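Paired with chain B in one complex and with chain C in the other, chain A is shared by the two complexes that follow.
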Partner chain A sequence: MIASWYHPGNTVIHKADPRIKILLLVEVVILFFWPTAVFWYGLTAAVIMFLIILTAGLRSLWAAVKAILPLLVLVALLTPLFNRGGPALFTIGNISVGVKAAEETLMLILRFTGLTLIFYLFFLTTDLQHVILTLRWYGVPYTGALVITLAFRYIPTIAGLLGRVRDAHKLRNPAEYAAGSAKRRGLTKIRKFLPMLTSVVIASIKSIPVLAMSLEHRGIGSSVKRSSYISLPPLLHVPVQLAAGTVTAVLLSIPIWI
Partner chain B sequence: MYLYRSMENVLQFEEISFSYPSYGRDPIQLFQSLCLNLKQGSIHVVLGEPGSGKSTLAQIAAGLVPKYTGGTLKGRVCIFGEELDADQAYTLIDTVSLVMQDPEQQILTTSCEEEIAFPLESSGMEQKEMKRRVGDALEFFGLSEFRRNNPSMLSGGEKKKLMLAAAYALDAPVLILDESLEEVDASFRAAYLRMLQKKAVSILYFASKRDDILFAKADFFSLLQDKLIVPVERDAEVLNQCINIPRLEGESHDFLNIQDLEFSYPEGFELRIKKLDITKHEITALVGPNGSGKSTLCKLLCGLLAPQAGSIRIRNGNNWEAAASNSLTSRAGYMFQNPDYQIFLPTVDDELSYGLRQMGLSKDEINERITEAKKRFVLPEGTIAPTVMSYGERKQLQAAVYYLLEKDLYIFDEIDSGLSFPVIERILSAFTRKSASVLLITHHMGFAQAAADRILTMKEGRIISDKRIVRDNV
Partner chain C sequence: MEQQEQKQSSMAMRIAIAAVLTAMTAVFTLMVRVPIAPTRGYINLGDVAIYFSAFTFGPVTALIASGLGTSIADLIAGYPQWAPITFCINAVRGLVTGLIIHGLSRSSKLRVSEQNWAGFFSKKKAAAAGTAGMVIMVGLYFLAGGIMYGFPAAAFEIPGNIIQNVVGILLGSLLSLSVYRAYPPVQQLRW
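Let's turn to the complex of A and B:
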């Protein structure tokens, strides 16, 4: 998934140095946790959405939002229940939703959406090899970077595996998977998911020793200093980016100063 | 550590005995005082039935077993005359390259070029040299267009090529190939072996059946059987086994029709089939290079993918009806290459009875059919867990599961991969009694010609030839 988020392109964000991008990413994350007005959360989230549209199109933005939509709905439904008090904004049955609760809900939704989208924008415009090189540049040990690479490698693999297993099960018992099948509701649906999960877990567990073999067979564990197939551009060659990054960082930190 | 120096035997197994951990049961001895010498610059083929221990032996040679699997290993493995240090298998990186049977599990990175570069980075190679080697490997293996693609998006054969490309870039003098050329197209197999011979690479190839291209180039043959390796001559009967699949019983008639079918993936691959009829009581082989669209066509035929244009019609009595995906899914069975995707229940009996219970059969009838299937496919006791069965046994269980389901079309994806001819023969012969059509995806032309009544050749998403075969073995 994350590995396949990368959307090749020639935009300014694509071309920006990943070391600067990762710094800005951290700053935006801090911003979304900084106690400030909801307006700033909204503005930042809107800017990120605009950048995603510019970079990869509206459909790409919708794909990311769609993935977190169930959680956003859950937040919208549950937050007012735990934030009572203050003047009522509106009432549904016995539940009255106050201004404070509405603000809290909006803030949580914007924070969660903003954080998701800033990471999405980062992976959308930075290929994984550069992410790993950047982490290593910032001092993350190679083994740490390798663990991250393998995690990113295995997320789409397991997702793909689940798809293949689902297809295989569908072919063995098509009636269960027919559209609108009465059998596939509620708990039954969860119960029917278990065999698929079993196949995925078995296949995943079986792959562990082979993965370990593959790593050692390809030199992991050796004391030879590891070289790198690609390199990050020299920082000195990107002063404009540094300047632009600094300006962006200052602009982003306005809510912190206010 | 292992200096590449001129000597006759580059890899030696001396009195190797090995057994896997028993987990409370009686330990099974896989090898008993097994010996083998791989001579410099030679191609040595070791032929063995599924489950005979070919993969284990390959991994012992690379120092990975028993380190990662457990088990008891006795004897010595010597590489260029020096005993292998099994605690430091990584030291073999520039001496011995192993390409495992399942490439999927070996892939470590998220782009093809990075995958090839990974071991080169481990050996500390300079970036310029790495770029040259990665570029050469991508070009030789026809993967240049996938340079930045995620390997998980490649077809099965392309993934195998990618792992071979990684070994090619390392340029180690000893190459251990565990059925690594299965699923790789024939023309490429020949070119690849020619190149290796030219470079005088010493190759230990583990195979489960005859491959004309490989066997023609091999210098030595051995048989892995009864815990031992026995040398055999080129003309030995065991190396020249033929497959004999009986013709499907019943009169042939078209039952599935494709017109102007179109399907494309976002990555750009397009499948276009102008017209195709699939005939009942007929075995059709689908051949073609890796990435030519064979699996995509089969997924369309069994309703796992929906056509973007054109039609698939299915015969219902005397009428032809447009076939919806659900209808195709219930009438077609697709046996995936990896049996583990389709096996998910605790015991053999559970697996076999699952589909029969869905069909609403009585307990006695279910038991009767299961007993017959177990006998036909030579399956172990019904209480055995499929996870502890060998690959060949799991493949036979997968086939038995489909044998018990009533389908009009049975698709076998690379059934010949990793199985011996007698096992393939046993599986396919069972299906000849069905009132159905059989479609075989394969890269093995000899197998296609021996088993099929018709061969469809695909290239770049099109069917480029449709030939009838006159079989003399039926």
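Let's turn to the complex of A and C:
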């Protein structure tokens, strides 16, 4: 399911070490919250947009922006109403928008767009396996990483189970799922889900002992480890990437020091 | 030797419980998605899974399943920028809700068992724990949204989040009760 966000490619960003990418992501997030000139927000957002176009194309960028567009419109409409004062930039009816309000609106729009796009770029160019290995490298315990991995493995299983249970309930009680019943409101509509959810939950819970047994057979919890995650190469083994990452980090920190 | 085997079994069981409930929370979050434009995204049944985990499995399982499950759902649904925030907020919500409902049970000297389940799971306790969870979720999302894109726009999310929580508390408690009635061994999986 999550594979849909990863865009396989052979670009420099795809090949970059995920540990360095995560550090840069954190730095960009800090930058977007740093009280600096709006210009830097705009420049950083523009660079991220450019990188998304380079790695996955214009359509991917549009898909990411389209998802947050309604919220950006809301921010553009509401923020000026709550930020009065300063010289008026323009007036619409009785509402005058000041320079300060326009700047604040632009800053919030660029911040949210930049934050969205940097996370989007990261998951666009990093597959799940490397995300988990990176989390392990940064100190997430083995059991924690295992829970995440197993959860991803079980999502399609439970989603499939849900589909089958829903179909079975439709067959047993077609009137409840008929077109007319959609008009029902409030609790009646919500309670319709209860029998279906109960079946899904019980079927899921019943799979827990089987999963636990297979984990035990693999030696999970035992003092003698029988399975482990592969390790990412030491950072010093990727000197070019380390140098490039350091230069990018220094460039990104310019607005913070100015 | 026996003690070590028991420890191994217990660890494997805990990992299995956390993984399955995390996956279930993610599926519930993604299953029903009513868009609430122009806000964060959609009303979903993820809250039902969160409250169900807290009421049935206790604070630790709720912390893991709620935090991980909802943030995985954010990643899959295309809201990756929310994933770290969602993880923190929902993990705290799961933990606090679980602690309150199970803390309240301990204070009244009740335990989860067939005999006292109805007492353990009274409407008042579920309402108190659920309300605490709702306050945490609504408040922290408002704060996070306000910092990211301004408080006026973040305020637009409050009604949707409250509705989502109320549905989650109601359906989560009913689900907890019906699962227990239909499958009593579920109480042995609490930790």
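Quick note on the criterion: the second predicted complex is superposed on the first by the 163 of 258 C-alpha atoms of A that agree within 3 Å, B and C clash if a C-alpha of one lies under 4 Å from a C-alpha of the other, contacts with A are read in each partner's own complex, and residues count from 1 in each chain.
Convention: contacts are C-beta pairs under 8 Å (C-beta built on N, C-alpha and C of every residue); 3 or more make two chains touch, one makes a residue touch a chain.
Since this is a predicted model, take the numbers as computed values, not measurements.
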*Once the shared chain is lined up, is A:F82 touching chain B (first), chain C (second), both, or neither of them?*
second
*Could you say whether A:R111 touches chain B, chain C, both of them, or neither, answering first, second, both or neither?*
second
_After the superposition on A, what does A:D167 contact: first (chain B), second (chain C), both or neither?_
first
_Let me test your reading of the model: by the given contact rule, A:W5 touches which partner, first (chain B), second (chain C), both or neither?_
second
*Should A:T198 be classified as contacting the first partner (chain B), the second (chain C), both, or neither?*
both
*Which holds for A:Q129: it touches chain B only (first), chain C only (second), both, or neither?*
first
*So, A:R226: does it touch chain B (first), chain C (second), both, or neither?*
first
*Using the superposition on chain A described above, determine whether A:A67 touches chain B (first), chain C (second), both, or neither.*
second
*chain B/chain C common contact set on chain A*: 4, 150, 152-153, 157, 198, 202, 206-207, 209, 211-213, 215-216, 219-222
*chain A partner contacts - residues on chain B that touch it in the complex*: 59, 62, 64, 67-69, 88-93, 98, 100, 102, 104-111, 113-114, 117-127, 130-131, 134, 148, 150, 152, 166, 299, 302, 304, 326, 329-330, 332-334, 336, 338, 340-345, 354-355, 358, 387, 401, 405
*Can you list the chain A residues touching chain C in their complex?*
1-2, 4-5, 33, 63-64, 67, 70-75, 78-79, 81-82, 104, 108-109, 111-112, 115-116, 118-120, 122-123, 143, 146-148, 150-155, 157-159, 162, 187, 190-191, 193-194, 197-198, 200-202, 204-209, 211-213, 215-216, 219-223
_Of chain C, residues touching chain A in the complex_ = 4, 7-13, 15-20, 22-24, 26-28, 30-32, 37-40, 45, 48, 52, 64, 68-69, 72, 75-76, 78-81, 83, 147-153, 156, 167, 170-171, 174-175, 178-179, 182-183, 186, 189
*Complex interface listing, chain A residues touching chain B*: 3-4, 8, 127-129, 149-150, 152-153, 156-157, 160-161, 164-165, 167-179, 195-196, 198-199, 202-203, 206-207, 209-222, 224-231
